[in-house]
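Just below sit the structures, each encoded as structure tokens.
Same chain, two partners: subunit A is paired with subunit B first, then with subunit C.
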Partner chain A sequence: MNALATTSARPGAARRRRRRGLTPWLLLSPIVVLISVFMAYPIINVLYTSFFHKNVVMPWNDGFAGLDNYRRMFFDDPTFWPSLGVTGRWVLVQVTCQLVVGLVLALIVNERFRARGPARALVFSPWAISGVLTTSIWLLLYNPSTGIITVLEKFGVSSVGFAPLADVDTAFWAAALAELWRGIPFFAILLLAEVQSIPHELYEAASVDGASRWRRFWHVTLPHLRNVIILSTLLRGVWEFNNVDLLYTLTNGGPGTSTTTLPLYVAQVATISSDFGYGSALTTVAFVILLVLSILYLRLSRLGKD
Partner chain B sequence: MTLTRTGRRAGVLGSLVAASALLTGCLSAGGGDTDAEGEVRLTYWDHSGNADESDTLRQILAEFEEQHEGVTVEFLSLPSDSALQKINTAISSDSTPDVSSISGSFLSPFVSQGALLDLEDYFAESSLRDELDPELVESVRGDAPDGVLHSLPFTGTSSILWYRSDWFAEAGIDAIPTWDGFFQTVAQLTDKSQGRYGFTIRGGEGSVFPLLQYAFAYTGIEDFFVDGEATVDDPAMVEAVQRYVDLYDVSTPTADLNNGYAPMVGQFDAGDIAIVQHNLGSLANHEEALPGAFAATTFPPSATGRNVVLSDPLQQYVVYEGTDHPDEAWELVEYLLSPEVNSRVNEMKSQLPTNVEARDDEWIGSIQALSAARDLQSSDDLAVVSPPLYLPEYSSIIRSDMEPVFQQVLAGQVAVADFLGQLAEKLEQAEAGFRSR
Partner chain C sequence: MTMTLDKATGSAPAAPAPARRRHTGRDRTHHLRITLPLVVFLVLTLVPFYWMILYAFRPRGSNSLLPVPFTLDNFVYVWNTVGYDVYFRNSVIVALISMALTTVVSVAGGYAIARYRFAGRPALMVALLCTQFIPGAMLLIPLYSIFNSLGLVNNLWSLIIANVVFELPLTVILMSSFIQKIPFELEEAAMVDGCSRLRGFLAVILPQLRPALVAIGSFTFIGAWNSFLFALMFLSTQELFTIPVGLSYTVGEDSINYGVMAAGGLVAAVPVVVIFGFIQKFLVQGISGAVKG
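Let's turn to the complex of A and B:
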């Protein structure tokens, strides 16, 4: 009887085990499907298209290109290398300045003082503003007839009619300032949250040991912020590398190509020239650059390790 | 709670159906349709993206519906700066409308993709054959790479000089009879200390085409290509463009380097500029901002004594190959181009009708800029040069390739001769490729 019961129970137990084994996969399947549809497929499709000539306005030239698009990019395209240089400079300036200023602001609004609430709101408010609206604000500020230039003219600091966005030497820095204004709150918010999680006892112990304010920052605050700084600079670096909205609307890459970053160039190739084969090759290279740099950065910074 | 096998299958199937509906919903065809009662539904896309014009167009389409029982028209207004991209996407995904308006620069890419219906037979049997300006019809036929009529023009426009008539009167200047007179006037009316500039240059988006319009009008060169060689780098062109570039930051604002259409016209309307070069389309802006204080004049005669106009890309109606109702779609085009409707559309846009029967309408004579443009177009001393819109690469060359280089010219980084040489080389390569096909 026992033997019979055991035998009849086995198929049910096996089914339950199989079901239990499948359940995690079933629960994961929606996200796997979403990642496949919205990430894996576009990436593979762009990689595949990069080996083809594909221009919707010249369909008779469409066909397999091999490495032609890559050869054109590296050796024949007068815009590719300068745009990569502008991108590198843009990312370096943005991430460095946003981190430093964001950290300073996070430390300031972490202190207790009157009107700390409004001060925090003021620091974080640019984050709530869209890229296009940021452009409108800064275009007005830089307008030679109505903006801050008119004030600078009165003090003799600026020449009459000076247009920062129309000067090859100043356009990059004028655009960088606008993006800096928008990006600082990202670091300020993240770093403030982390600063607030530092146990107060550590500061008290350091004070008892006679540590100055600077030494408390250097030996307590900064080591505690290490991981969040590594992660946020990586995220922000990728973000700034791919920044298109502000530059597209503020300068459209000009004057000349002085503010043309690689993603902006890709957008121009795709939207104006409709050259999707070449645009895909440019995108693939940008993707590989970001991937390699991200892996290197995480390895070298030893994220999560003391 | 556990799901039964049937329940799980139903759940998975339901999810797949929902996902499919979600994905394909984005890709549903926008072309015509017929409902169960046999009513024909057409779709019409307007490429100009102007909210004020949309109201009038909706009214016109409603009147078409009243006159054509059983036909309804769905209207969609596209933003002008991304209309080409959106229609290209629709072509790629087989979701084009039945009819749309387009800019002349869209024609070649659309014909190259086989997206447009051949209108030759429809046009041959229509009363429009006797009503539309034959030169403009021939022009759009020539702009198509296959030389077939795929579109019909609904506006004629012309690049002109808008000027501050009150400033001219103060300075005792009557007119701009010559190009030398133009440059003298620009210099005379510039007073930087007062924030007044004689001219404004379009240095940003859309800069190269108006530059070429000026250069052809100045030099009097009457062909774009001679034996496959582009004329844009002719020494006379270099001299003309150099003279134009020399105005930058001397008689124009420094910010002109980034000027697209809106900032350029905005500066004139804000009262900072004496003369601006643009087509008839900005009339409404000037009327609103500078009532009674502006006027328009056509370009002065060229060095040869003739008036030479590099024609603006014409706005046109097209019927898409993917339509299920080509006859009804054609009826809509015919209606839009009828004398009365064509007149209303152009009055709304402040442009010249292409239906010649509408050109004598009273409203045209009452607008000084339009009557000046109309008089020039009927002049015997006029030579019209057509830009090579039939080249699929034309827009790409003029815009993404050469606009940044023109900015470098204005910034003093590239010489005028090098800029025009590069432009000529690209155009000649495109022309040779086109001829070899």
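Let's turn to the complex of A and C:
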């Protein structure tokens, strides 16, 4: 994760090979070309298009729009503002729960027990599952006629015919649970890698000093994980912000707009209404929000401070 | 690299021998602290999988909680009638080519970043990190326009390119920090022995990169296999659909046939879960290898 810090902080190995010339750029040329053409240019393109009316379905209206798209977004669009709230809630719930539960899971599977390897592989496996596949699994589980609820009903735990995805009050949490199921392993894998690198002397020293398990966790484990936690929560926050696959297929933003995040709204505008001009304006705003929040987060958490 | 920590010498701070002897008290806390939460995690992880397997193998109308009686009808239907044979082939093509391209390009780029100092290197690193904030979902519109003008819409290459572009930055960074940790002296020795730089790389560095290649290769394979939104946007004819797109259409139908959906889901899940099972250890090591400097 702190690859940047480490690469620039270790001049020794590379100084020996201070070779001028084109070789490094030659090796890097595919990356530079791909990223300029398919990332940098599209971003500029989005910015530009956001000032135009552009709709594949209604090309006769195309033309310069000035700030029209932005005016429409801020003042006339009943979906835009609520979608910001949903996005914020989604990211917060996902990152917090995934981090806390993922850390617990990492600490558990770091202990010694029989069949640890297979157990790890099993509890980590949802990491590899796609958003669409998660949707189809949890649709089965949530459906009132096929789901786990039919079993729970028999034991009297749940009311008959309860459909969590169809209810405005529960749809968000039902979707959040499905995403947690496949998101927790991400943190668990990352944190396990880091937990394994904590020197044992630290724990031994703490034990000798009579520190309880909880104090050892608080004073040894957590400080050691600090930077990884800051970076991984940031990356995960951005990722969950942009994560559209699951919501697009599981709820498609519904019922109503109760699960419509901003990026999902963008995807809907792009794929369903083909309103590229307006979609670009939404994208620009989402991008600015993401950038500002990321910088704020890095500032506030003061990454790298020891 | 922190590769050896997993071995018996490494992990738990408690000494193993007394744990064996003092059975009662220690065992109980061990169970409370580890076994119990682990079982809870396992159940929560596996029940959703089990539910899918159950519906995939159970005949329609059965209510048993075991896939007995057992049927393969759903799979036959999914494969032959829905078109998963085609989706599967497309997904394999896309995932393999994406994986190969990403890996080769990131080895070359990672090597350049790790072994050369050149003007623009810091800027490049920052740019690579910044791409992590670029929302793929939000570049749908401009990417569609670009692929449209390249004549690549409704062509598997559009999906492959998009996958590679969005996987690359992270894999390059990971690869460069891997290569950095291989002592340069090894290469130097090879070159003193008369190897060219390329030969030296192939003979000395590449074998050392095996864990990194496995981690990054499978990482990108899984990413490409699961890639949905780009596929949905760029591919419009059924002969080109990949599994996630096919699955999303099964899910989106008005009256879902749950057995068919579960069977389709299982077809989508098996390759990645199997790969994941094999590389899970490499992945943890790969990440820790990259995190440490």
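Annotations for the structure displayed:
Keep this in mind: the second predicted complex is superposed on the first by the 277 of 306 C-alpha atoms of A that agree within 3 Å, B and C clash if a C-alpha of one lies under 4 Å from a C-alpha of the other, contacts with A are read in each partner's own complex, and residues count from 1 in each chain.
Keep in mind that, in the parts below, a residue touches a chain if its C-beta (ideal position, glycine included) is under 8 Å from a C-beta of that chain, and two chains touch if they have at least 3 such contacts.
Since the structure is predicted, the reported quantities are computational estimates derived from the model, not experimental observations.
Once chain A of one complex is fitted onto chain A of the other, the partner contacts of A:66 are absent, as it touches neither subunit B nor subunit C. Once the two complexes are laid over each other on the shared chain, residue contacts for A:42 go to subunit C alone; subunit B is not touched. In the superposition on chain A, contact is made by A:128 with subunit C only, not with subunit B. Between subunit B and subunit C, C touches the greater number of residues of subunit A.
By the touch criterion defined above, A:223 reaches neither subunit B nor subunit C. By the document's definition of touching, both partners, subunit B and subunit C, reach A:143.
In the superposed model, A:271 makes contact with both subunit B and subunit C.
In the superposed model, A:194 lies in contact with subunit C only, and not with subunit B.
Once the two complexes are laid over each other on the shared chain, residue contacts for A:255 go to subunit B alone; subunit C is not touched. Shared contact residues of subunit A with subunit B and subunit C: 19, 30, 37, 143, 271. Across the interface of their complex, subunit A is touched by residues 2, 5-6, 10-13, 16, 30, 33-35, 37-38, 41-42, 44-49, 51-52, 55, 65, 105-106, 108-109, 111-118, 121-122, 124-129, 131-146, 161-162, 164-165, 168-169, 172-174, 176-177, 180, 183-184, 222, 225-229, 232-233, 244, 247-248, 250-252, 256, 258, 261-262, 264-265, 268-269, 272-273, 275-277, 280-281, 283-285, 287-288, 290-293 of subunit C. Listed in rising order, the residues of subunit A touching subunit B in the complex are 19, 26, 30, 33, 37, 56-60, 79, 143-145, 160-163, 165-168, 251-257, 260, 268-269, 271-275. Taken together, the subunit B residues at the contact with subunit A in this complex read 2, 8, 15, 19, 23, 82, 85, 88, 91-92, 108-109, 112-113, 192-193, 195, 203-205, 253-258, 270, 272, 392-393, 395-396, 399-400, 403-405, 407-408, 410-411, 413, 437. Those residues of subunit A that touch subunit C in the complex are listed here as 1-11, 13-20, 23-25, 27-28, 30-32, 34-35, 37-39, 41-43, 45-46, 49, 104-105, 108-113, 117, 119-133, 135-141, 143, 146-148, 151, 181, 189-190, 192-194, 196-197, 200, 203-204, 207, 228, 235, 238, 241-242, 244-245, 248-249, 263-264, 266-267, 270-271, 276, 279-280, 283, 286-287, 290-291, 294.
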